[in-house]
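Both of the next two complexes hold chain A, though its partner changes from chain B to chain C.
On to the complex of A and B.
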C-alpha cells in the first residue's frame, strides 16, 4: 500500500517539476499565439466595428471580404510580389553564390558588403529608397536622365510602377540573405563530383545543370519557401514607401489586415482576412515541413 | 579563356555589389549636403562635410529615448525568451511525462502562425490587459518562442547520454544538471538563438506601431517612421541624417560581430 502511495507522490512531484519547466513558455505561447488564433476564428463570425458591440454574423464577414475587389487585388498583388522577389532574387542569388563559392580574391569583402542591406533597419532602408524614388530629383530619375530618358516618374505614386518599386526594394534588401543561404547549401555539394565531371570533359554549363543544380535543389526549395513566407509577411517597406497605394496598387494581404483594423476600424473583416492569411501561410509552412523531411535531389 | 571568365565574374560582382551599397553611400552623402547641393547631380554624390543636418535631425525628435526604449525592449525580450525556451526545451528533451509529444507538436504549431494574421486579436488582448503604450506589450508576447524551443531541443538531443547518467549518479538534480551541464554545452546554440531573437525584436515595426501611442514608449523604428512622416517632402538632407544615425549603430555591430550574425541568420533562416 505504501509503495503505491509513494509512486503516486513521486508522480505528482514529477508532474510539478515538469510544470515548473514548461509553464512559463506555455503561458506566453498560449495567451499570445494560440488564444488569438482561436479568437480570430470565432470573432471573425461576428460583425464588429470599433467601439460597437459584436453582433453574430455567421459567414457574413467572409462574404464581405470575398466580395470586395480590394481583397482580390491584394491577393493578386501578394502573388505578383512573391513571384517577382522569389523569381529574380533566387536567380541572382544563385549566380552570386556560385561565383562567391570559388576561390576568388576579395570574396570576403564582397560577401560583407552584399549583406549590409539585410542587417539595416527596414524603416531606415525604405526611407533611403523613398528618396531614391522621388520624381525628378531622386537617384533613380537622375540616373535615367543621365542616359537621356525623361526621368520624371513618380515611382511610388504611380499605379503601374509602385508594385515593381516595392519588388525592387525587397530584392535589394534580401539579396545578401538569399545568397548566404545558397552559399550554405553549396557547402553540401561535394567538389569531387565536379572534378570527376571535368575530367570527363563536361562543359561548365553541363556541370551546373547535371551536378550542382540537382544537388542544390533542397536549398533552392527552402529558399523559395522562406522568401515566399517573408513576402507574405512584409509590411514595413509597404508602409514606408506607398502606404498600400496608390489606389490599392501595393496593398498586400498583410497590409489589408492592418489597414482594415487600424485605419478603418473594421475589425470583423480584418479578422476574417487574418484567418485567410493564416491559412495560406500555414499551408506554405506545412509544405516546407513536408519537403524538408525527404530529400528531393534524386529526381530529375 | 580563363582570364575572360575571371573578368566576367568580377564584372558581375562589382556591378551587383556596387548597386547594393550605392543607396547606402547615397544616404550618407545626402545627409552631409545642404538642401540646394543635394538636388544637384552628380555633384551631390560627393559629400560636403556639412554636419548641420545631423544636429538639426537630432534636435527634432527624442532619439536617445527611442534608442533606450529599443535597447530595453530587445534585451529584456531576448533574456526572457532564452530563459523560458531553455527550460521548456529541457522538459521536452530530458524529462519523461505524459502528453509530451502532443504538447511539443502544439509548440511546433505556433511556428506556423504568422504574427500578422493574429495581429488584431493580440491587440484586443493587450487592450483588455490595459497594456496599450507600455514596454510590457512589446516584451511579453515574445517572451517565449516556438522556434527557440525547437532549435534548442535539437541541440540538447545531440548531447551524449553518458553525461546525463554521470550527473545523476553524482546526485545532481535536474535543475543543477540543466545549469551546470546542459547550458554550458549549448552555448553556441544559445548565442545563435539570442542573435536571431535580438534582430527580430530590434527590427519589429508593425506591432510597436499598433500598440504604442507616445514617444516615451516607442522604439527607434517607430520613432524614425514618425519622423519621416512629419518631415516628408520638406528636407531630405535632414531625413537622410536621421536614417543615417539610426543605421550607424547596427552597421558598427555588424562589422564587429559579422561572423556570429551571418552564422545565426544562415542557420535559422531568419526572415524579417
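On to the complex of A and C.
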C-alpha cells in the first residue's frame, strides 16, 4: 500500500515537474501565437483602416481580397516563386552535394564559397544583385555581352524577367545551406550499399537512382519543407530589388500582406489575405506530409 | 504545421497590436493647456531615420540643444529608414507608447492625426513659448505648408527636406556641344536624344518611386488632389497633365533616350557614366559625387519647365505625440524650435551636405557654403516653385502603388499613357471610398 502511495506521489511530482517545464513555453506560445492567430481570424472580419475604428464587415474584406486581381496575381507569383526556388534549388543542391561529397581537391574551399551567400546580410546581397541586374552595365549583361548575346535587359524592371530574377537570387542565396543539408544527408547513406551495387555492375546513375536518391528522401522532404517556409517568408529581396513591381510581377502573398498593412494601413484586407495565405500554406504542408508518408524511405 | 504557424504568425502579430489600437482610438484630443515653462528635468525621445553620415549631425544638434536646455535630455532613437520608421511609429501608437517627438512624412501623419496621436503644433506656435509672426514667416512657405492640414492646423514643422533638381554629366554635355542644361521639356527631350548614342541612354528613370514623375506632372500644371481632398479628375484626363508628362517619358523610352532602373541603382548608372541625366533631390548630391569619383564634372540645374516651373519637395517633418506628458510636450516643442531655428537648420543643412535649410534667414549665413555646394543652391533657388507632398489618406497607396503601376504600364507598353491614367483614376476613386480624405 505504501509502495503504491509512494508511486502515486512520485507520479504527481513528476507531473508537476513536467508542467513547470511546459507552462513557460505554453505561455509564450499562447501570447505570441495562439492569441494573435485568434485575433487575426476575428479582425479579418472587420473593415479597419488606421485612424478608424474597426467596423464589423463579415466576409466583406474577403470578398474585397478575392475580387482583387492583385491577390490572384500574388498567389500565382507565390506558387511560381516556390516552384522555382524549391524545385530548381533542390535539384541543384543535390548535384552540388554529390560533387562535393567526392574526394576532390579544394572541396573545403568550394563548400565555404558556396555557403558565403547564406551568411551575408540579405539586404547587402540584394543590393549587390540590384547592381548585377543593371541593364547594359550590370555584371549579368556584361557576361552576356562577352558571349555575344544582347546584353541590355532590364532584368528587374520588366514583367517577364523580374520574377525569374528574384528566383535566381533566392536560389543563389539559399543554395549553400541546402547543399549542406544534402551533404549531411549523404553521410547517412551506407557506402557498403554502393559498393555492393558496383560489384553487381550498376552504373553511377543506377546507383544514384536506386540507392542514394531513395535514402536521401527524408533529407529531401526536410529541404523541401524548410525551403517552402523560406519562400513563403521571403520579403527582403523583393523589397530591395523590386518592391513587388513592376506591375505586381513580383508581389507575393507575404509581400502583399506587408504592403497592405504597413504601407497603406488596410488592416482588414491585410488580415483577410493573411488568413487566406494560412489556408494555402496549410494545404501545401498537409500535402507535403501526405506525400512523405507514401514516398519517403526512412530506411526501415 | 510549422510552415503554417510561422507564416501566419507574422500577419497575426499585426493583430496583437490591433486590440491596443481600439484603446488608442479612444485617446482624447490633446488639451491646449500645456505648461508654459520648463522647470524640472525632463527626458524626451526623438525617433528619426538619420543613419550613417547623418547620425553625427543629429547628435551634434542634440548636444547643442542640451547646452541651451540642461534640464532636458533628448534620447536619440535612430531607425534604419522610412520604411522601418513608419511601421515602428504605427506600432508604438497602437501600443500606446509612441516617442515624444519624431520625424515623419506628412502622408503618415494624416492617419496619426485621425487617431488623435499628434499634438496640433498650432497650439504651441501661438502659445507663450511660440513663434513670432516674423519667425513664422522666416520658414520657406512651401516647406511650412507641407505640415499644415486643410483646416489650417499646423501639425508638423519641416526639418530635413530637399527638392528635386536635375544632375547632369557636364563633361558629356560639353562633348556633345550642349552648353547649358535645357530649360524646357522640348529642349530636354531633344538634348537627351542627342546624348543617347552608342547604346547609352541619357535619362535614368527609377521605377520604384513616383516622386520623379510628380515633378514633371507639376510642371504640366497638375494637381492630383482636389480642393476637398478628393482625387482631381482633370489631372487624369486624356489631355491632362499626367498623360502629358507620361507621354514625354514614354517617348523618351521608345526613342532610347531613357533607361529604366530600380531604386538607387540609378545613382550608380549616373556615377559610372552610363546615364547622363538624373532627377534626384539635393540630398543625393554627396552620393553622386562619390559615385562619379571625379571622372566627370557634375552639373546641377532646375527642372526643365513646361506650362509652369515647378518641382517636388520631399523629406521629413517633425511632430509631437499627444501621449507625452505636458512637460515632455513643451520640452519637445523647445527641441523642435531649436532644430528648425536658424542656428539649428544651418547646422543641419551644412553638415548633412544635401538637405536644405528650412528658414530663409539661414541662406544668408550659408553664402560661402552654398557657393561650394551647387546642388543645394540650385534646390534652394527652386523652392519658390516647389510643391510639398500631398497628404490625404488615400495618397500613400496612390503614390506608391496606383501611380507607379500606371507609370510602369505605360513605360513597359502594357497600356497607353491615357489608358493607364484612366485606370489609375478608377482605382484611386475606389481607394478614396475605402480610406477617406483627411
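In the analysis below, the second predicted complex is superposed on the first by the 254 of 300 C-alpha atoms of A that agree within 3 Å, B and C clash if a C-alpha of one lies under 4 Å from a C-alpha of the other, contacts with A are read in each partner's own complex, and residues count from 1 in each chain.
In the analysis below, a residue touches a chain if its C-beta (ideal position, glycine included) is under 8 Å from a C-beta of that chain, and two chains touch if they have at least 3 such contacts.
Keep in mind that what you see is a predicted model, and the values were worked out from it rather than measured.
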Superposed partners chain B and chain C on chain A - clash or fit: clash
Which of chain B and chain C A:45 touches, first, second, both or neither: neither
When both partners are placed on the shared chain, which of chain B and chain C touches more of chain A: B
First (chain B), second (chain C), both or neither touched by A:265: second
Touching partner for A:186 - first (chain B), second (chain C), both, neither: neither
Partner chain in contact with A:224 - chain B first, chain C second, else both or neither: neither
Partner chain in contact with A:86 - chain B first, chain C second, else both or neither: neither
Partner chain in contact with A:130 - chain B first, chain C second, else both or neither: both
Touching partner for A:257 - first (chain B), second (chain C), both, neither: both
First, second, both or neither for A:94, with chain B first and chain C second: neither
Which of chain B and chain C A:163 touches, first, second, both or neither: neither
Colliding region between chain C and chain B, picked from 113-121, 149-157, 167-175 or 185-193 after the shared-chain fit: 113-121
Where chain A meets both chain C and chain B, residue numbers: 32-33, 35-37, 39-40, 43, 130-131, 134, 137, 229, 232-233, 239-240, 254, 257, 261-262, 267, 270-271, 274-275, 277-278, 281-282, 285
Chain B residues touching chain A - in the complex, by the definition given at the top: 6, 9-10, 12-13, 16-17, 19-21, 23-24, 26-27, 30, 39, 41-42, 83-85, 87-88, 90-92, 95-97, 103, 106-107, 110-125, 140-144, 146, 149, 174, 199, 202-203, 205-206, 209-210, 220-222, 224-225, 228, 236, 239-240, 242-243, 246-247, 250-251, 253-255, 258, 261-262, 265-266, 269-272
Chain C-facing residues of chain A, complex: 32-33, 35-37, 39-40, 42-43, 48-54, 130-131, 134-137, 152, 154, 156-159, 225, 228-229, 232-233, 239-243, 245-248, 254, 257, 259, 261-267, 270-271, 273-275, 277-278, 281-282, 284-285
Interfacial residue positions of chain C with respect to chain A in the complex: 1-16, 18-19, 21-22, 25, 83, 86-87, 90, 110-115, 199, 207-208, 259-263, 265, 268-269, 272, 274, 393, 396-397, 400-401, 404-405, 408-409, 412, 414, 434-436
Residues on chain A engaged by chain B in the complex (per definition of touch): 14-15, 17-18, 20-22, 24-29, 31-37, 39-40, 43, 92, 95-96, 99-100, 102, 104, 110-125, 127-132, 134, 137, 139, 142, 145-146, 172, 174-177, 180-181, 183-184, 222, 226-227, 229-230, 232-233, 235-236, 239-240, 254, 257-258, 261-262, 267, 270-271, 274-275, 277-278, 281-282, 285-286
